[in-house]
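Both complexes below contain chain A, partnered by chain B and then by chain C.
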Partner chain A sequence: MKGYAGKFLRVNLSTGEMKTESLSEEWARKFLGGYGFVASTLYNEIPEGTDPLSPENVLCLWTGPVAGTIIPVSSKYIMGALSPATGFIGFGIASGGVGSELKAAGFDGIVISGKAPSPSYLYIQNGHAELRDASNLWGKSTWDTEEMIREELSDDEIRVSSIGPAGELLSCLANVTNDRNRQVGRSGMGAVMGSKNLKAIAIRGTGDVEVANLDELLEFCKDLYKRCRGPATEKYRVYGTPANVLVHNRLGCLPSYNFQKGTFEQAEAVSGETMLATMVKKIVACPACPIACDHINVVKEGPWTGTVASMDYESLELLGPNCGVADLNAITKAVELCDKLGVDTISAGVTISWAMEAYEKGLLTKDDCDGLDLRFGNGEALVEAVERLCLREGKLGQLIADGCARAAEKLGKDSYKFAMVNKKLEWGAYSLRSLQTATLGFATSVRGACYLRSGSYQVDVKGTVDRYHLDKSRGKIVYDGENLYAIIDSLIICKFTRGIYKDNDELAKVIRLVTGFDVSAKEMIKTGERIHNQAKLFNVRFGARREHDYPPPRAFEERMYDDVNDGAIILKEEYDEALSGYYKARRWNKEGIPTKALLEELDLDTSLGV
Partner chain B sequence: MDSGVKSKVIVEFYGPFREYGKSHELRIDKAVTFEELIELLEKSLGVSFRERAMKENSTYILNSKIINRKKIDDVLIHPGDKVAFALLIGGG
Partner chain C sequence: MMEAKRIIVCDTDKCTGCEICEYICSIIKDKKINWSKSRIRHIRIEPTFDIALSCRKCENPLCIKACPRDAISEQPDGSIKIDKDKCNGCGWCIEACNFGALKLDWDKKVVFACDFCSDLDQPKCVEICPFEALEFTTLDQVGHEAGKKAFKRIIEELS
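Right after this comes the complex of A and B.
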């Protein structure tokens, strides 16, 4: 098989047994890689009723066929498992060099079950694997863990995916970090690793990846690399995603004060432009990336001098304006704590903004917050709260460590109404009421409130549709986006390069040149549809129904007033119509369950279909 | 409303347009097209502004709406409006 290593590693942590299995070509053609492999692996291996934090949960890492090739920005990997955060499919895609390193070590993926008897890490080197003692690493930050493993193995080139203390403490917000600043974020994959006593996965590989048509691929990539340095990616190269702040503020879709508003009066102070002028010390690229989007902030003064953090829009926005905080130093410190202690910045930001609102409404007292004055805008309190959340410390840490949906269940008093979640996963940094197609896309996402599954915010932001209203036609927009993004996430290529491909034919060309599979653009999109339905079927097994595809109550019950919006709200009847339109486009029934006819057509298991 | 404010257009600059400052005020007596606005800005900011504004990845925002560049001739900017020039960025 070309593009693929042709085998994967299966690890049983309970017994220590490890074996190499062949990758079936039929399976690769059907699910392509990455996200497709995760969806299929989890569906095949995790039965109904499994506890996400039990040894029976299956954790898998997969690369795509392009990992380790010269396709631009193709070094990614995906990690998936039954999510402890949502109870549905959980996964995250990380940049950095782990994906291409795993392929170079001779494996397309790793499938892990069981629980190690004591803290361990998995070390893979050029086709060999061993479990090693990690008791000296337990309790260490992700950054220290990376360095200690490299030191222990006397190899600076080793790539490490590791969890921090939050993962060890089984926080539903725990992520997995590699290359210091790159994360498998969202949906609690760090807690799954922690539940398995698996502190880290360390990988070293020096092998090659064989592709189907090297000469033509080289020629095509020359052009792709030129395009990567062109206008389509200028935004990421120079300003990074934090340049969204001022644009979104002008459009009234920049969440602030726990999504109560869509503008922030101090947006300029936390803008990408201000950050670039005052704090960005370095811009970093992933392997095989000519773009370099990773903007590294350094705090130069005040109590957090010397703090270093990679800053993207979502982290900046949700720990900044959404918490009412305009202090870039505090936001940078909060991000650094999340990265080192192993927590997703999106979920941390939304959870703390929920706590701030609860505090301002009098539902949480200063005593409940361990003496913190947790009002909106208090940067010092933000930093303290992030640390307590990550370490489950004090009353506040105990309350919020598993995210705002669970915190609201504990607190009661109608606080669930302002827990900004879908499927218990915290909402991304896009205002619900002023970007309503995005809201439909987020709420129907299989992994919970997610901006990365369909890119549906783009039609709102670009003004292609009326973003203040919904209708049944929006479902098709989400459907099309999901099918395409399923391919991007299965190959796996960076979404920042989506603009360099002229059309779907060029993406299909990538598959043909790398794998040799004779795939047309139409067949490729059908594969995307199959992958998405496979993920959905997994959720259906765990009880997903129509009720899980709605945004939080605030979207329907509170009008939004700010400098741009004059009473924006989502009309429930419009949302219902749009959701039904989405199910119709997907050929799912009214409860959001795929039909048997569709599943047969997609060559998927029909037993859960209707 | 103050007639001075009424006859002004406030232009904000984001991203690469920051080299022209954070914002700029223009006095106009009647509605203008984006082409005319860019011409007016070129006079005070130089020809490089036009070159930057005409790049395919430049985004025009009128009040709180992104303007479709293909339909740019249909859009009029009135005295009192707010305009922004930016790069449109995706998620992150």
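Right after this comes the complex of A and C.
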């Protein structure tokens, strides 16, 4: 089998037992890699009723067939498990060099169960694996952990995925970090590692990565690299993803003040343009990436001088405008804290903006906030609050460490109404009421509040639909997006490269050149549909129904007024209709459960179908 | 007079650390993807420094001096050539080189270094680097360009 290493590692942390299993070609053809492998592994191995933070939860790390090849931005990996944040499927995709390194070390993936008796880390080197003592690493930041492991093993080229203190403290917001700035961010995979006493996974590989047709792949990639330097990616190359700040502000979809508004009066001060002129020290790329979107900010003055953080749109937006903060130094510090201590910046931003709103509404007192003046716009309080959140420190830290949905449960007083979540996961940086197709896509996503599963915001932003209203036709748009994105996430390639492929057949060509599987575009999309349904079935097993596919109450109950929007709101009946349209496109029933006929057609287990 | 030596120079501001040069090198030289066998090596010093390094064609190559078996010789273009039959993989040359330009092939147990793709117009990594960070040039030209840059700055400041 080409493209794949053909093997994966199975680790039982409770017993210390490890074995290498071969990857079946039939399974690879059926689920492709990455997201597909995660969905299938979790569905096959995690029974109903499993506690996400128990040893019975299964944590898996997979690459796709393109990892380690020269396909643009292909060095990615995915980690998945039952999510402690949502109670449904949890996963996150990270760039950096871990995915390619694992492939060169001879494995397509790692499937981990049990719980280590004491803090440990897994070290994989060219086909061998061992569990090593991590007691000296426990409590250390992700950045220190990477360095300490490289020092301990005297090898600078080891790639490390690790958790920070937040993961050890089992925070639902805890992420996994590799290469300092790359994260398996959403849905609490860091807490799952922490619950297993697994501080890090360290990988070193020097083997060959084989593909089906190297000569043709090289020629094709030379062309793709050129396209990657063209207009499709230009704004990300120059400004990074923060290029979107001013674009979204103009469209009235830049969330501010905990999603109360869709514009921010100080947007200019936190724009990608300002950031590039004042903060960016270096632009860096992940392995095999001809785009380089990663903008490294360095704080040059004030109390946080010397702070370094890689800044992307979501982090900047949600810890910035959405908290009313326009100070790039404070935002950079907040991101650095999240990265080092191991917390997802999206969830942290939305959780703190929730706390700020609660504070301004008088539901949280200054005393509840450990003396912090937690009003919107207070950058210093933001930085303090982030640290408390990450370390579960003080009254405030205890309240918000597991995200705003759980904080609202504790606080009561209707504060859930402005907890901007879906499936208990914090919403991405896109206004709900002024991007309604996006809202449908986010709310129906299997991971919860997810902007990465279908690209449903694109039709809104491009103006191909009326973004202030919904109708049943939007379901098909989300459906098409999800099926394609399931392939992108299974290969796994970067979503920024989606625009460089002329059509789906060129994407299928990637599969053909790398794996040698003779797949057509149509078959590829069918595989995407299969993968998505497999993930959905996992959620159905854990009780996902129609009620879980709605945006938070603010979308339906409050009108949005700002410089662009004049009373934008989502009409409940329109949303219901669009949701039904989505289920219909998916061939799911009214509760969002796949039909047996569909599952049979997709060659999936039919036992949970209707 | 000998033609001026051309080496691979990396602009550290432009280099992003994408490591595509490493991937490409292994494909051209070994007909497979294996960046650990690349003749050019990307190095990152966190958080913001990147460089891609290969053989510098030293005037007085320490690698040649270090080899106890005389396995390394200098080519007319200044690059070095390793006699695979003489090399026994002891790695003294690797220690001697100030730039980490030599590597040991663990399978074949011999060292290898950049030959600047002498069969092509220019090294393939230079051609393909998506960020145009690499240049195949002479040190004279590097100096000339540095001078030009400095002079341009002065002109701009004066006008």
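Basically, the second predicted complex is superposed on the first by the 610 of 610 C-alpha atoms of A that agree within 3 Å, B and C clash if a C-alpha of one lies under 4 Å from a C-alpha of the other, contacts with A are read in each partner's own complex, and residues count from 1 in each chain.
Everything that follows uses one rule, which is that contacts are C-beta pairs under 8 Å (C-beta built on N, C-alpha and C of every residue); 3 or more make two chains touch, one makes a residue touch a chain.
Predicted model, so just to flag it, every value in this text is computed and none were measured.
For the composite obtained by superposing both complexes on chain A, the positions of chain B and chain C are free of clash and fit together. When the two structures are aligned on the shared chain, A:Ala104 is found in touch with chain C, with no touch to chain B. In the superposition on chain A, A:Tyr457 contacts chain B only, with no contact to chain C. Contact with chain B, but none with chain C, is seen for A:Tyr236 once the two complexes are overlaid on the shared chain.
Panel annotation: after superposition on the shared chain A, the angle at the CA centre of chain A between chain B and chain C (CA centres) reads 80 degrees, nearest 10.
Legend: residue contacts after superposition of the two complexes on their common chain; A:Cys228 is shown touching chain C, with no touch to chain B. Applying the stated contact rule after C-alpha superposition, one finds that A:Asn244 touches chain B and leaves chain C untouched. When both complexes are overlaid on chain A, the residue A:Gly92 reaches neither chain B nor chain C. Look at A:Val564: by the touch rule set out above, it reaches chain B but stays clear of chain C. By the touch criterion defined above, A:Glu273 reaches chain B but does not reach chain C.
Aligning both complexes on chain A leaves chain B and chain C separated at their closest CA atoms by 18 Å. In the superposition on chain A, no residue of chain A contacts both chain B and chain C. Interface residues of chain A, counted against chain C in their complex, comprise 68-70, 97, 100, 104, 180, 205-211, 214, 218, 222, 225, 228-229, 281-290, 292, 296, 298, 308. Those residues of chain A whose C-beta lies close enough to touch chain B in the complex are 231-232, 234-236, 238-244, 246-247, 250-252, 268, 271-273, 293, 312-314, 428, 451-452, 455, 457-458, 461-464, 495-496, 564.
Residues 13, 16-20, 23-24, 27, 31-37, 44, 46-50, 106, 128, 130-131 of chain C touch chain A in their complex. Listed in rising order, the residues of chain B touching chain A in the complex are 12, 14-16, 18, 22, 55-57, 59, 61, 64-68, 82, 84, 86-92.
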